[in-house]
Every structure is written in C-alpha cells, then in structure tokens.
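Okay, structure first, notes after.
Chains: A, B, C and D, in written order; residue numbering restarts at 1 for each.
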Amino acid sequence: MMYPRVVRIHKVVEETKDVKTVFFPFDERVEPGQFFMVLIPDVDEIPMSVSYLLDESKGFTFKRVGDATNKLFEKKAGDLIGVRGPLGNGFNIHGEKILFVAGGTGVASVAPAVEKALSQNRETVVALGAKNREELFFVERLKERGAEVHVATDDGSIGYHGLVSDLMLELVEGDSFDLVVTCGPEQMMKKVVEVCSKKGLDVQASLERHIKCGMGVCGQCCVCGGLRVCVDGPVFDGETLSKCRDFGLFKRDASGKKVYIH
Amino acid sequence: MDETADAIKRVIQSGAGAVVTKSIGREPREGYPNPTVVELPHGILNAMGLPNPGVEAYVEEMKELTNVDVPVIGSVFSDSEKGFSFLAKKMELYGADAVELNLSCPHAHGYGFEVGSQPDLVENIVKTVKETVKIPVFAKLSSNVTSIVEIGKAAEEGGADGVVAINSVKALKIDVDLKKPILYNKIGGYSGRGIKPIGVRCVYELAKEISIPIIGAGGVEKGEDAVEYILAGASAVEIGAGVYYRGLTVFKKVCKEITEWMKRNGYNAVDEFKGVALR
Amino acid sequence: MDETADAIKRVIQSGAGAVVTKSIGREPREGYPNPTVVELPHGILNAMGLPNPGVEAYVEEMKELTNVDVPVIGSVFSDSEKGFSFLAKKMELYGADAVELNLSCPHAHGYGFEVGSQPDLVENIVKTVKETVKIPVFAKLSSNVTSIVEIGKAAEEGGADGVVAINSVKALKIDVDLKKPILYNKIGGYSGRGIKPIGVRCVYELAKEISIPIIGAGGVEKGEDAVEYILAGASAVEIGAGVYYRGLTVFKKVCKEITEWMKRNGYNAVDEFKGVALR
Amino acid sequence: MMYPRVVRIHKVVEETKDVKTVFFPFDERVEPGQFFMVLIPDVDEIPMSVSYLLDESKGFTFKRVGDATNKLFEKKAGDLIGVRGPLGNGFNIHGEKILFVAGGTGVASVAPAVEKALSQNRETVVALGAKNREELFFVERLKERGAEVHVATDDGSIGYHGLVSDLMLELVEGDSFDLVVTCGPEQMMKKVVEVCSKKGLDVQASLERHIKCGMGVCGQCCVCGGLRVCVDGPVFDGETLSKCRDFGLFKRDASGKKVYIH
C-alpha cells in the first residue's frame, strides 16, 4: 500500500562532509534504480534512490541541500522516519560489458546497479564525477567489489581533470559497451545520452523531477509527453529521451511552472 | 494527471472523452509540502493544496491543447465572484471548451469548500461567471455540507450549465507510530473506492431536485461504478483515483465495461438508462 | 446487537466496557421493510428506520440490565426538546447510567440528523434534557453537516457531558442489475471500515474546539483504529460494524490490541496518549 | 459479501395451492438448514431455508402468508430476485439412525437434510405433519429417495390423525434414534425437544425469528440470552434450547416487542 512505513533508522554513515547514508530495516525486494519517498516527520517527504540493498535492510545516500535533507542529516540511529516504496521501474541491467557514468550524488543510485552487474559477472566500468576529491564517495566500495573505477573531478584534485561526460567520451572511444547507465545532473546525462545516440549505444538514465504523490495520480512529475517519473520512470532509455523535448531543457517546480535547466 | 499539457494529452490518448485541468488560480502556488497523497485501505487521501503555476503561466499549457479532439474543461478556484470570473475569462480566451468552478476542495484554506458551502455566494459566483463567459459553466460541489441539494439549487439559480458531484470528502489519517496526522496539511480529501456510496447518494439527491446535467465523481473505477452514477441521474462521470487503481488504461476499460453492461441490459444509448433508479 | 436485554448482556459478556442501547422512541416503530442492511465492499450500509418497541415496553429490557457490571447508556430519539427530555427521564427512571441523544441518524425522516443539523435546536434539546435528568447526557453527532464543530459547540453550550462522533454517513447503493437503490428506504447510513477517515477527522476537529469528552465511532475494528481515535482526542470509542467484521469477540480483541500497542509505545494509561496528535 | 446476488428464477414448481418452490442458479456449496435472504424488489427481503441443493442451482419452498410471499407467488421463470447467503449454521447430521420431525412448511428445510442423511447411508425416518392431505408436500420426493415416511394430519384426511408431535411420541417409543431433527411451528418443536430431553435423545431444531440484517449486527433476531438466529442459528441443539426461556414462549415483532406464542 502506498502509505509510509514508519521505521527506526538503525545506522547512519557519513560519506562526506555533506553526504550521509541512512540504513533502515526493510526486508522486501528492491531493484537498483528504484526509490523511496522518505518521510521526515513535520518537514517533508522526499524521493531518495536506494543505495544499499541488503537482505534485511536498505539504505539511501543523500546530500544536504535544503530543509528536508538538512533535517535528515541530523537524524541518528533510533530515530523514526517513514519510507514509502520501492517506487518506480529501476535499471534494466543487461549485456556483457556495461559502463556506468555517475555525477555527484548520482552514484547513490548507480552503486547498487554496479553491484548487481558484478554479481552477475558482467564486465563493469564505472566513471564517477565530483567537484573535488572531498566530495567523492563509494569509490572504495565499488573497487573492492571488483569494478574498474575511473574518477573525474572539476578541479583535478584527483583523477581526470574535467567533466565526467568528457571522461566518458575517452572511455567509449577505446572500448565497446553493450549498455551505458547514467545518473547525475541532467546536463551531464543529456551529454551522455547524446554520445550514446551518436555511437549507437544502449543507454538508460535516471531522471529527477519534483515528486509529490509518487503513485502516478497527481501529474506533478510528468516529462516527455506525459511520462510519469514516479511510475513510468525514473529510468528511461535513450530512445525515449532522444524524443523528449524537456530532457535537459526544463523541469517543473512545485507549482508546475517550468524552470529551465542551466 | 492534469497538471501539464503533456500529461493531459497522455490522458486523452488513454481514452478519456473529456479532460478537466488541475484547478488553476490567479497566482502561482506551490501547494503543501509532502506528504500530500497517501493510500488508505479504502481510498486515497490527499492535501495537494491546489498547486498550480498561476493562470498567466498556464496559457502555455492551454495553447498546446487547442488542437486536441476532446473537450478541455478548465478548472479554476478563487475566493470571490470577481476572481472566478477573471479566471474563467482567461480560460475561455485560452480556448477552454468549458469551465469548472472548484467550489469544493476540502483542504485549501479560504478556497474551495469554504466558498462553496454558502448558497448565496455560490449563486453569485456562478451568475457573475455566466455574465462573463460564453462557454458552459459547471459548478463542482462538495459533499461536506448539510445539504448538497441546497448548493446545487443555488448553482442552478445562478445559471450553471451543470454541476459536478462530488469532490473529495474531508478526512484525516493519524499515523499510530508517529502519533501525528500523516499528511503535512493534516486534514485532506478522501477519494476513491471508499467514497462511492457518498458520491452516488449526492448525485441521486441532486437529480431529484435540479434539472441541469450532473457529472458524477467519486470512486469510479469500473464500468459498473459509472453505470451506478448514471442510473442515479448523472450524464457523465469523472475519474480521479481510478487512475491509480487501474492505471491510465482505466478510461478505455471503463468505456468498454459500460458498453458490455449496456449490451447485457439491452440499451443502445446512455440516455436510455440515465436516472432510471430515480423512478 | 443492542435491541434486547439478552443481546446487550451477551455484548457485555463479550468484553464491552459499556453498552449503548438501540435508539428508543416514544411509540413502537417497526422500522423499514428489508433490505435494511447490506454489506458494501468498504463498509456496511443500513436503513433500519429506528425500529424499537417504544419506551414503555423497553422498561422490560432495562429492568434486566440493572445488575450488570458496566454502564448502560440509553440511546433515545425524538423530534423535539420535550420528546427528548421525556425519553431521557424514562431512561433515568429505568436505571440507565447515562443517556445518549441520537441527533444524527441519517435515514429516519423527521428524526436524527434532520434535528441534529440545527445548532439552536441541538443546544435547546441538550439544555432541556440536562434540566430534566441527573445522569450524564451525551449528544451523538452526524458528519453530514457543513460544520460538526458548530454542532459540537452547541451541544457543549447546552451543557452536554460529552459528544459521540460519528453516526453513519448518508449514502446510497444502486444495484446495477435491479437498476434500483438496494435498500428499501433507498438512502441509508454508511458505517465500518470505509468511514474511519471521516470519523477520525470529525473527532480531531471537535477536540480542537470543545473541552467536553468525545467518544469516537466509525470503523473501529482493530486496536489501532481505537488508538487513532484516541490520538485524535477521543476518550473512548464505540464499535458497531466491527461486530460483523470480527464477531462478538471484537471487544476483547480490540482491548487486547490497545494494551499491546500501549506496551510497545510505553504508555500506562489512555490519558497519556489521548489527543497527542493534536499537538 | 453480504449483498444480494441478483439472479433470474429458472423454474417454479407448485407444491400445493399455497406453496411453491423457486429454483435459481447458484453453484456454491450450501448446507441443509442454512437459509437465504430472498429479495423481492420493491417489497421486502425475507428469510427462506434452502429446500433443494443441486450442483448448479438451489431452491426454496415457501407458503404465501403475507405481502412478500404473495408477491413471490406471482413470480415466474425469468423474473429477477435477490439472494443473499447461504446464511446461518445448518444442521449437523450425524448418527446411524435419525428421526426427522417436520410440521407445515418446516419440511422445506428438513428435506435436504433427509437427503443428505440418505446419501450418507444413515437410517432415516421422517414424520411429516400438515393440516390436511392437500397441504402436504415432499412426501413422494422423500419416499423415492428411500426414507421411511410417516404422515400426520390434523383432520386425519391421510395418515395419523393428530399432531405430528404425538406421532413422533409413538415413533420414539418403539425405536431408538441417535438424533432427532425438527423444524416447524415453535409449539410443535417445543414438544419435540421436551420429549427428546426426557428420553435423552440428541435433538436439533431450526428456529424462526424476525430477520433484518441476517449478518449478526442488528440484534433483531436474538433468542436464548443473546444468541442470533441469523448467525448462531437458525439450528440450535436441545441443550441450548432447554435453557432458553423464550423458546416456545415468545418471539419479537419487527419493532422488537415481545409477541407471545400461542
């Protein structure tokens, strides 16, 4: 039922100065790329991709950016939150060799997809982008699991100096992939999808739109001619996105007004 | 699913015979913070808080709908006669085929039901709007009143071309773990399965007392739900929560099921069984 | 399950902490022909029509209840101050521990809700009854009004010792095979699961505005339903349709489940969590 | 669900001048002794014991006594009625040798119980009472199935001249039964139960009370200290009935007022 399940946080991990992972008991099956609506009592209920898929518990990893995430940042093990989900479609992991391209907190939803690919013995290359060395996270986690991880930072403090989409260009030049999976800032994903279209690569991108109901009734999260990010997405394939005039162009704010993406 | 032009087009592609926009006001409104919608065991509870980009921005959406095949009904909300007629005029200019006055939203302070529970006000609003626009005007009514018939009659007096009954029912869910109301706005509107007997009762009571068309709403999910409303006197039905229960294909499915029921019962047209339960 | 002394005793044996009689009037009434009760997918719809043997005959039932261990609340209905106070006085004479004024039955023409939707009348009825009897007086309210708070305040003004909210919700079921309303009386009262969000909303609204005790009713079936009402401000709950869903053991089960919830949440007494959701 | 199922009558059989059997499609399991609430549109909904148990259809057999039964008497194959049920507990058929004692339309609910007993190879004796020869029905039906059928009429126009309860006395004198099952006028059943108590015979009687909800919520049909005929009955055993002060003494009318049984 589309009703928040009240759970007690059982672990909180600080990933960076502004990013934390919250673990909560949840023993049902969740797919990488799916998300939960996370209820922070008295404040808001916000969408969060699943970042850890354990048998008995699940986790999400978030950056503090505003009211709700700041309040969430204060929560400790033992505190109550609500989780409604899993929602959305998730990634469709297939092919022998997969490239994952994540920017910022995008790695949160990509990480479990990488782990799934590895557990299925697929060849797995990951490109992670961040502003700087301090804002990177999950690099060790993915390396330890056996992924080939490449890093890009805006300031060059570690790895490739530049945008992860440029790093990605290099990676696809020298190699062939059956699938590209991406999550991050929409401008970045737009570039990734464009590159894939040109190269004829299969691609899946996870979109963010303002989510209210999360159950397909309010219409708030619509993109690309009436597709609902909350139930038809958040993951869309390259074919859909190539025909989508708002992808990389505008989002809608809480009132439904267009907000252009810069 | 009626926030944007794209979304509305998708609903039309899904088989809806007409569409009603999200209720639009003068200024942009973000609506309430989440949770704004939850599912309950017997329906859906929402307090969106009338989010909308404001009527000026909404022209962009309406422009894209001018060439669609089905009637587009512009829903508007306000707190005064002047406000309603201003918005209705805009909707007419933008190409709406009809306008629906939201006199019934159960959770928006100062709007909706708070306006629509006063017969005099309802009559004056409808009258002012009718003087302003040429397109048909529908008044959407609330069941949260002592007598919906009194409000329906006021709308008829005011010259409404029809009424819509019902909007969602004022309700509350308290979470026993959090020990708080689950919605941010606390009180919300209850739609879907659980309210159908209330909606059908309202349509039936109205059909006995007013002669303008009635559009039924509340818990329509299957063909037989629509049939029930029509037997009670409705000329058509609206579907909201049904989109959740059966997906966007709900429109096609309901139409198919109505047709099947008509065949089984030997009817060729909706008019043949409209209001039959009133006899 | 409150028609006869024997039935009431069985309910008491089943674990109810107090019992309310069937609503009793001055003259015997057969009520409406059947169907008087049907189950709907999300609740129960009834139009009994206030059947009762009349207050004179009811003394026989009340006499047998004088020695039971729990409070017996005599429910009465009438169309006037005088009628209510006459009946309340009788109930007091017969040994009732309190009297409940049915100001809310949604389907009995000239009684119940038709009386209970007028604040002045409610205030006067309660006042007159309070002047007549010494036992506590409860007013049972309807949700079928524009403002239940207004009616609750009128009852409080009149001196009521408490209010009960809610009675069943005015509703209708049309059978699509018969193409007629299914109940003989057509319109009925909707109780059970489907109306809980409406009942909880009413209790919550009342608790914010009045200071006399509130008894919650509407869809209580499990311990957590009762907890929800208490969190919303109720001091106690009544169970009607729950007897159908869970049998007569519903009373014991609900008590057990409340206790379990209290243990899990660290409460020792109902007062500790009463109205917590209002803060 | 406790909601009338609208069915089309597919056969009507005249049993006597005032008694008819109505058959309707109904393929679910029903036990002898259970009943349906039968909806006669615009008139009433009344309780009727199941009198025929076929795989695909069920029947009830009724006497016209008032508004609803008179209207029902006019119904023909093809007409619509509502049926809500099966309701109540039904008979608990057990033992090697069973005596069935029915008076008036009581045979309607007893007949399928007799057939069940016969199909389970139990020895089955039936005593049927009626005012006169013309009012008897189901005698051939039960004989053909192999039951030993005895008949009593008030006027002696056929069989034993007198009350069926007196005929029963004779039958239990000369024989021993593991179970007695009875349905008919309450004074008659009262006598049957008294005889059984004295003789130490197991007995089950099917009671009639005014039924409104048929689902245990309205309290209208209560007997014997709060037992509900509609859900706890209509069949009660001798032990319960011996302790029941209203059995054979009073019923309650539609208003709940006591009506003494004469």
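Just so we're on the same page, a contact is a pair of C-beta atoms (placed from the backbone, for glycine too) under 8 Å apart; a residue touches a chain by one contact, two chains touch by 3 or more.
Predicted model, so just to flag it, every value in this text is computed and none were measured.
Novice: Could you tell me which chains make contact with chain B and chain C both?
Specialist: none
Novice: Enter the minimum step count from chain A to chain D; a value of 1 means the two chains touch.
Specialist: Between chain A and chain D, the shortest chain-hopping route counts 3.
Novice: Once you find the CA centre of chain B and the CA centre of chain D, what distance in Å lies between them?
Specialist: 52
Novice: Per the centroid of Cα atoms for each chain, what is the distance between chain A and chain B, given in Å?
Specialist: 36
Novice: Two or more other chains in contact with one residue: find those residues in chain B.
Specialist: In chain B, residues 40-41, 180 touch at least two other chains, as defined above.
Novice: Hey, what residues on chain A touch two or more of the other chains?
Specialist: Answer for chain A, listing residues that touch two or more other chains: there are none.
Novice: Indicate which of the five shapes (line, ring, star, complete, other) describes how the chains touch one another.
Specialist: line
Novice: State which pairs of chains touch, listing all of them.
Specialist: By the stated definition, chains touch in these pairs: A-B, B-C, C-D.
Novice: Spell out the residues on chain B that touch chain A in their complex, using ranges where they run on.
Specialist: 1-4, 6-11, 13, 22, 28-31, 33-41, 44, 46, 48, 51-54, 57, 60, 175, 177-178, 180, 182, 184, 240-241, 243-244, 247
Novice: Within the complex, which stretch of chain D touches chain C?
Specialist: 1-4, 6, 37, 39, 41-46, 80, 82, 84, 211-220, 222-228, 252-258
Novice: Quick one: in the complex, what on chain C touches chain B?
Specialist: These residues of chain C touch chain B: 40-43, 45, 117, 144-146, 169-174, 176, 179-181, 186-187, 190, 193-195, 197-198, 200-201, 204-205, 224, 227-228, 231-232, 261, 265, 273, 276-277.
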